[in-house]
């Protein structure tokens, strides 16, 4: 029973990490209809930046916020410099462009920071809480992770729902033509969407870095599982990203714990297919009928 | 308030009959009308070309030729499903893995000869493709991408889960094929492997060309262009999509089998997500939707790492930078190509060819050049 | 239909052109008569190793370290006046790439010998080829017992102690010092972890092993495995892990409040690497606090033991040629291996041939920086034949706690090796 | 075809279809007797295409039966119809753009010549034969459609009219016994329509043809029988002559429905209880001071294209400041394209647009709106995923003055009290009329000086239409708003307009003041294909 509890808690904390990568992917998909394979590389770079700041200043929180800020800038930059150039073309080209960016970023990170992974400090203790005399697999730092992801999700939710910019972004995502008629500069909103998405991604990076360390390839699995989570939840739904991440995190924790770690990726495949067979556009996207 | 132009309809009647001037001699090779005869002839031409190329090459370039040939088989498969049928697949690396393991198991464990083992690999992978295609036919766009990506990541787990059959992380090794003694004792193994791989690729090319220019290829492309119109025209969209996946998977399976033969192995480390992503990159950069594009894609996949390595080798930089420079160049070149020639290499060549044709052709060949443009589009 | 023909012909023409272009470049140098890869002034050897990709961490340091050592040797005049030129190529730990780069090295770069090809899943795929081509395949960087077969693979030689040997010796230590305690094993699900586990099982009674949990390289969380070992009540935890997973295991155990006597295989103990990964958790103590007291083993001097003449030599070379890289266990590994190659080349004589260097190795090599002897004979190609037990002290340094022990990969006995380590030559030349 | 022709009868019996609350088809029964050409007409949104979709199996009817040759079509998937002898063309053209014309047609005949998969793969003579036979049949069909000359050209690059014919050939090649044509003349010029009519006429007697059309010239000249749908119900059936004379039909088209009980299209759509101020007057507007006003919008020789279609063809018009100008014309006449080009959503290919004396040609939409030009788009202009409040606020976001934004919001809510009630609801939950109000309200949030309105009455009940027209008229009168109003419902539009312009196939065919235009033959011609002076030219 205590094992089940441990696996569940482990599932929740890894699930929240997946959720935050999924969130980043969903934001970009909603804004520009592109699956951003470079997300893993972008958050890797911002995490390296954060680590450099932390090592220089000794302040975790400064590094934390620098990561988020550099994510914002990086996302906007990528959209302006690269994505603009492939947006109008065949949809697969954008995918290839983000893949190429991922390779480029991993190469650059390897050249600058070397392949050797580094330690990234957690802001809070990683010693698990004690419940009923049993030290569980859930630490103050895990709690921080959950709170931070939910906080950013809520923050984004608030931004979307409560602010003018959010309203403009949603209008641009749902109906770009109508948004333009109402004076929304849709191009800027796309850039801002990429910036926000990269920020959500960089959050995932700093949150997960203490547990997977910082290296050019250390975040690769994160992208795969984050994308899987986003697809499970439905690529148009931020809420779906959170729920998808949690579902995936929990299921994979149980698969790894009860069936063996070899089956984790296969488990992800099975879960994904099961969900998509029931709902071909994910849990939280309503399937639209095709037009004749 | 002013009133616009009065209705005046230009006669839009098309000219009756074919009307096209006969194409100039240089673009009408006199070839047999029967597909079968033409296929054989083409295969012979290609075969001779490849034979000459392989003779010119040293053993290592022969190996590159063989590598290019198995990449081509997989890329041609991906061309069918993604280029012609419009279904994105990020899972063809895993399909190659199915083919490679089938070949390795049949040769290594069951003692089969190479040829039947390769055929069985194509068939087995085709069957797996039917399953995958059944799922894929229900999914669209990024959801299909996600499902196939999960397939690419998930399938290698089977190798770890059943180490007794699949050899775990180490995978399986097989003996390379032995060149027949008739070729002489010093006949290089790599050339023999190149011949086999090219023969396989040639079969894929000819069969797919037959398929694409016949009913099935039309159906694939029609479903890609407009699913509703295809249904109205009597095509079973779901079945066509599954069929495309089956054909595509069979090609990838053969490609995987050839990989197993060329590299003498089947191991999970050779079939990671990176391979699947490299394949989709290859078809897009080569030119989506034509077999010629798949040829270019194969050349890119084989040669680009070589070129980036050579360029990087020309510098003398600190180890850390030197090691990563090829990756950086690879990424930069890919981005450059995607931005500069969004239609891929084959697309750019066609555009260039028809532009040159127009300039050279003059007025007498106006219709002919029009034909070329159309033909070029048709190939896509 | 005609278009199809036309494009096919065009494609064929393109292929031919590309073919001609490619055949033009490369494949020009073929030394007549003399040994491939050996000239009057140089010996060219090649290696495959992951320089990029998920397997690169740590491993990517080994070949550059070796190259640095060869540069040092070259600056000292080389071996019989020949400079050693090491070409190492990135295979990204992908076996198909390993095959390609190996053939490139052999066919195009015309290497004299394959040197320190890294990894079991990768290098196993080229052993048959190298043996068929009679290319010396020296000092594979992996502890698989599969290199150790002079009869079927006369050209292939291992170098480090096999994982079984290591497992056996660690197992004996556990059986002797922690008798009656429950043992849990956390291991990488490949031949490295499985080999270690198999060796361990030779010595530790099956009843004592309460849980064996494999992990997949690349997995992001090992919590499910550690909770299983913890709930099985293991009092001794054995890690056959890479440094990253050693660190992940330590962090997870820390979170769980799981305390057991740690035993860590040589691959995953390097205090520099593991310490760097755990540095953020040290809170003022040594960065290796979480692995303090861990039992391990080694066959080379510790990189932190500056009093050791070999370490001093390697540090000097490192500072001269590869100062920007860290100086850790991988560096020592790479340089020690390079030294072994220099020994073999020296022993092969003034006019080295491929057969000559194989004969030289088979006739036995001095252990050089190693604490234990090589098991090189006509039939045995296994490399170092044992290890010595170590532990991590308060300062994060490796301390030897026992004499060098040697054994064979099978069920042979474990015996002490009493010869002391030789002193490093001042000029680095054997 | 021959023997079973007598049995080749399509029976549509009391078919009803509902989409959510909308009743798309209401107990429609139509028989198509063998060998006859039946036209299905009706205003936009009458349910014509839905009827075809039901026949083809894309839409499952909620009630009623369909029988073909005496057998039920229930559960027959669309791709099997070809084998049952039913072929269809689609609205627009929807050729396979990256296939050549002849390949397009070959796809349509694919079920007639099916070689074995393996023989195709190997290129055996058997598949060659099948392929040749199919190609011959396809070329014949293209020839029949009069476009054999383009056989090898890529379909996507063909002129629109040619594409239409290729589409027809794609249906004909299957040698159907029943041919369903969905707007075969849509987007074609008069000469081209005549050609299509000739083609269809040639089919008479050999196969049954059912066609959905807005182009009355075509319907009237080829059909044996005409069925008229309005708001999902069959309202008339008879020969073209009978139908043209039927007052119900005229009122369905021109919107004069005073003698008819209002039919509710939407179950939830009761008209707004408090009609906004400025309730509509039934008579024409009699505005006087028109000549004293300056031109607000000037359009000169404007050209815009959608792919191969020239949607707007050298249109020129002026809209006076403070006036209401109605742009009329049948479906596909280019009205919406005209608005989209003016407001910057569609890049013009030629010509000039100026507003308030300043050139705004080619200015992007987000900038045009900042010049005080609001655009109320057609149909579901309300963004369904946003709430009423959000939709409205979106309209004023570009304006700096935050306080005035709130004022504007209150003003719009005052104008549409019904929206205030639903401010927290998502737009998707609104009725059609409410959505239209929301779209208009959102445009007003930007305090525009001019409003471009695209079919505000589309799909609305007559009463609601009346109220919306009243509202527009009131706005114009009270605040001097200039309005360019695109409408199919000519009578409603002209009831409030000062001027009217009639578009046909992208061109202006008539322009006059509203009173003159309402009685003009030209208008009736454009809508119902009645003979007019122009035809005798």
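Lettered A, B, C and D in written order, each chain numbered from 1.
Here, a contact is a pair of C-beta atoms (placed from the backbone, for glycine too) under 8 Å apart; a residue touches a chain by one contact, two chains touch by 3 or more.
Being a predicted model, the structure only gives us computed values, none of them experimental.
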{"item": "Higher-contact pair (C-beta pairs counted), A-B versus B-D", "value": "B-D"}
{"item": "Rounded Å distance, chain A centre to chain B centre (Cα mean)", "value": "33"}
{"item": "Whole-Å gap between the CA centroids of chain B and chain D", "value": "43"}
{"item": "Gap in Å, rounded to a whole number, between the CA centres of chain D and chain C", "value": "73"}
{"item": "Centre-of-Cα separation between chain C and chain A, whole angstrom", "value": "36"}
{"item": "Interface hub residues of chain D, defined as touching at least two other chains", "value": "56, 58, 90"}
{"item": "Set of chain A residues in contact with two or more other chains", "value": "106-107, 110, 114-115, 260, 262, 264-265, 292"}
{"item": "Interface hub residues of chain B, defined as touching at least two other chains", "value": "35, 38, 157, 160, 228, 320, 323-324, 326-327, 375, 378"}
{"item": "Touch relationships between chains, expressed as pairs", "value": "A-B, A-C, A-D, B-C, B-D"}
{"item": "Of all residues in chain C, those that touch chain B in their complex", "value": "1-12, 14-16, 18-20, 22-23, 26-27, 51-53, 60, 64, 67, 89-90, 92-97, 99-100, 103-104, 107-108, 120-122, 124-125, 128-129, 189-191, 194, 216-217, 322, 324-325"}
{"item": "Chain C residues within the chain A interface of the complex", "value": "51-54, 56-58, 60-61, 189, 213-216, 218-225, 227-228, 231, 244, 247-248, 251-252, 254-258, 273, 276-281, 287, 325-326"}
{"item": "Partner chain C, residues of chain B touching it in the complex", "value": "27-29, 31, 35, 38, 42, 45-46, 49-50, 52-53, 56-61, 63-65, 67, 157, 160, 168-171, 173, 175-176, 190, 205, 209, 213, 259, 262-265, 267-270, 272, 274, 290-292, 295, 299, 303, 309, 318-320, 323-324, 326-327, 375, 378-379"}
{"item": "Touching residues (chain side chain A, partner chain C) in the complex", "value": "2-3, 6-7, 10, 14, 106-107, 110, 114-122, 126-128, 130, 135-139, 208, 210-213, 215-217, 220-222, 225, 253, 256-257, 260-262, 264-265"}
{"item": "Chain A residues within the chain D interface of the complex", "value": "164, 167-168, 170-171, 174-175, 177-186, 292"}
